[in-house]
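Dropping the structures in below, format is structure tokens.
The same chain A turns up in both complexes below, where it pairs with chain B and then with chain C.
Presenting the complex of A and B:
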């Protein structure tokens, strides 16, 4: 018992140790006046300076919120569209025949390739950025929803029909819950794509946001600023991802481990 | 005493079309099922018993023939018919209670009503205490109990059972055979039970209909009502009827 407990504590400490070791390694390889790798201290000092003198009159939370808003809005629209569209082409044969080939043709085009068109059509404001995120997120969400629907065991559909389900009930009570965890996995993938797209969009034209911070740092060779923004992106991404895991556990209790 | 026919199958055939050819799965089957009897359909594997049951349930359409309940022909799905599947087919995302209450839910009953119905049937199959468990927390035998409770919760007049114990281990299978008889005795329904196991057929059935291998035709009907329950696998009469059916049954090498 006691040995087991000690082992548990050690296992819980391991993530912390690995992060500390990473910072240590960073300390070792960084430093020097003309170094291309700024020290952790330099990055921290840059952070303190940011508190005094914000970039483009926007605080750090302001920049985070600017990017986060674009990500979440795009992801929301992308989810609504992607889930409905995935259900449609997964469930309805006619719709599958009509839309699937078109979708397969558009799917390989990276969201970033849409930047010129989106900028031309929707300007350089918020709309075009959200639209780009939307385009980037619908692909993984649609594909996952579609696959989830396709993998529903026929027996579950048959059983529902025998016990009196109408077509709407089959969708709401069988198809949706059955493919829910595949859909959530799709949203998780889409979240990564969303960050990628939003940063690229901000690097091209923006006055706020984490991507904008990185491009500003590049322009004036302010590497600590670049790294600080990168750290922020990493931390926020990890937070949202674990938030989604909690949501998944709440929505799909049948998947969680027995306690 | 005249015993009423609950279900009648007249001249049922089923032909499956393939790309270049066709195959006859069921060839002109006539069947009469008496009210509240335990009828066993026995046949070698892959002979088309499941196809026949799916036709009765309305999940498949027959090529020829008609099906009557209480003398009235019908087609398609029918809420008087309940189904217990070989692969069980309970919903992994629903708790035991919600699985059992699924028929009442589709029928639009409110939560209180359908949970009352569910509880009654959960008690019937002796799963009391497992209402909030998910299927993956249950053993194979318990899962099929959920399947039985779900079928009963819809209050059907006819219960179709498609090799319901085919996926269970031998020990659980024997226990479940006694369970299904107990449940049927407490809640008499017209039961059509499909199996490829002679011993199971003789243990359970009021009557046994023996089918040939594909294309499926009726080979013989055996009346076992004189064999008293609970039956004994080693009883002389039991073994005799078992042997008689066995001699008449087609051998299929799969």
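Presenting the complex of A and C:
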């Protein structure tokens, strides 16, 4: 009994050890005089300096908001169009026959590969970035909505029809709720893609945003700034994904496998 | 007699049903082909009659011509198509194999042995929320723009989904199977090898498929930011030289290779997981 307790304590100490080892490793790698990697304190000092002297006249929240706005706008358009399109090709057979092959033709091209074409078409402003996020998000959302609609047991729809429901009622009362968890899973994937696309687009051409911060840091070899931006990106990404999990739990409480 | 008649009737029904199904499948293919054809024709018309400025869009025929020319011609960015394809392909595979070699065993061990989980998990959770793209600049600063740097980037991209899926997969091993093996006197290590790993494989393969897709698209981004060959480099250079045909041709090739890669993983899965019951 006693031995077991001690073992438990040791087991729970391991995460602490692991974090300590991580920090130690960081200190060791950044320790040497010639080392390019900045120390944790250097990163913190860079943060303090950033408060006084913002990059490209935008404060830290300003940069965060610039990236977030692009992600959210693109995701909004992507969700609206993706869900409608997924419903359309999942529900209507003719539409499925016509549009599915076209969709499958475009889908394998990664959103990031659209960057050159989009900057050519729409310039390097906000529009092209939102359009890129839109392209990146519409694919997973459409696929998931489509799959969700296709997985609905036919008997549910038939039952509704027997009771005299019309198509609109069937879609709002049966199809949408049944495919909701699949749609949310799609939005979750889409969010990851959106975040990635925004960073890449900002790295290639932007004046604001977290991706811009990183690339500015590398351009002038200001690595503490790069690390600071990376930490920000990680923290915000983690916040958003846990926020989405909460939303998921609220919207479809019947789904048990949410971890 | 009666029975015979009934069988005949059923057979007739079945045949009719099959005919309908066949017709519907034919209809599927026909409509699909038609829609793609219509798409291409509209695209071609837009270009031939210069509805869209030639600066912004190259016609499908031009794109095909560009691909054909690019096979042997290194202009404008300095590499033939095959050199670019090979460069990207090699990087994607190196990074991916490295990630599979480290990520899969680590994920499996983490899922099975609690102390390893407790030790590795926190560091992993720190790294995980960071999109792989964010690693690109710092890796380029530290390691340059060569093969090693890019393989590292692909490694980071593919490592996370492979590890997570291996971990989740082995966590979902049926407790009944484990208990059964234990009753038969198997050691924990042996249960891990003979029960845990096989039951984790389907999810692990799903992870590898995701990883390869992510890796492929991250690689394109990495090549856009800094490279002197590769498909991502080719399309960025197409943008710089104002050659829309090269951009679209490159996108097409990127898409096709992405499909081939995921198809290859599917084939591998079928070979390795022969025992898996097909739906």
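We take it that the second predicted complex is superposed on the first by the 228 of 259 C-alpha atoms of A that agree within 3 Å, B and C clash if a C-alpha of one lies under 4 Å from a C-alpha of the other, contacts with A are read in each partner's own complex, and residues count from 1 in each chain.
Going forward, contacts are C-beta pairs under 8 Å (C-beta built on N, C-alpha and C of every residue); 3 or more make two chains touch, one makes a residue touch a chain.
Note that the structure is predicted; figures quoted are calculated from it, not measured.
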Chain C versus chain B on the shared chain A, clash or fit after superposition: clash
Contacts of A:227 with chain B and chain C, given as first, second, both or neither: second
Touched partner set for A:254, first chain B, second chain C, both or neither: first
Touched partner set for A:27, first chain B, second chain C, both or neither: neither
Which superposed partner A:116 touches (first chain B, second chain C, both, neither): second
Touched partner set for A:18, first chain B, second chain C, both or neither: second
First (chain B), second (chain C), both or neither touched by A:238: second
Touching partner for A:101 - first (chain B), second (chain C), both, neither: second
Per-residue touch tally on chain A - higher for chain B or for chain C: C
Chain B to chain A touching residues, read off their complex: 57-59, 77, 79, 81-83, 85, 87-94, 102-103, 105-107, 134-137, 150, 154
List of chain C residues in touch with chain A within their complex: 27-28, 31-36, 39, 55-56, 114-115, 118-123, 126-127, 129-138, 140-142, 213, 216-218, 220-221, 224-225, 232, 235-236, 238-239, 244, 247-248, 250-252, 254-256, 258-259
Chain B contact footprint on chain A (complex, rising order): 153, 155-156, 158-166, 169, 173-174, 177-178, 180, 252-254, 258
Complex contacts: residues of chain A adjacent to chain C: 11-12, 14-15, 17-19, 21-22, 36-37, 94, 97-102, 105-106, 108-117, 119-121, 192, 195-196, 199-200, 203-204, 211, 214-215, 217-218, 221, 223, 226-227, 229-230, 233-235, 237-238, 241
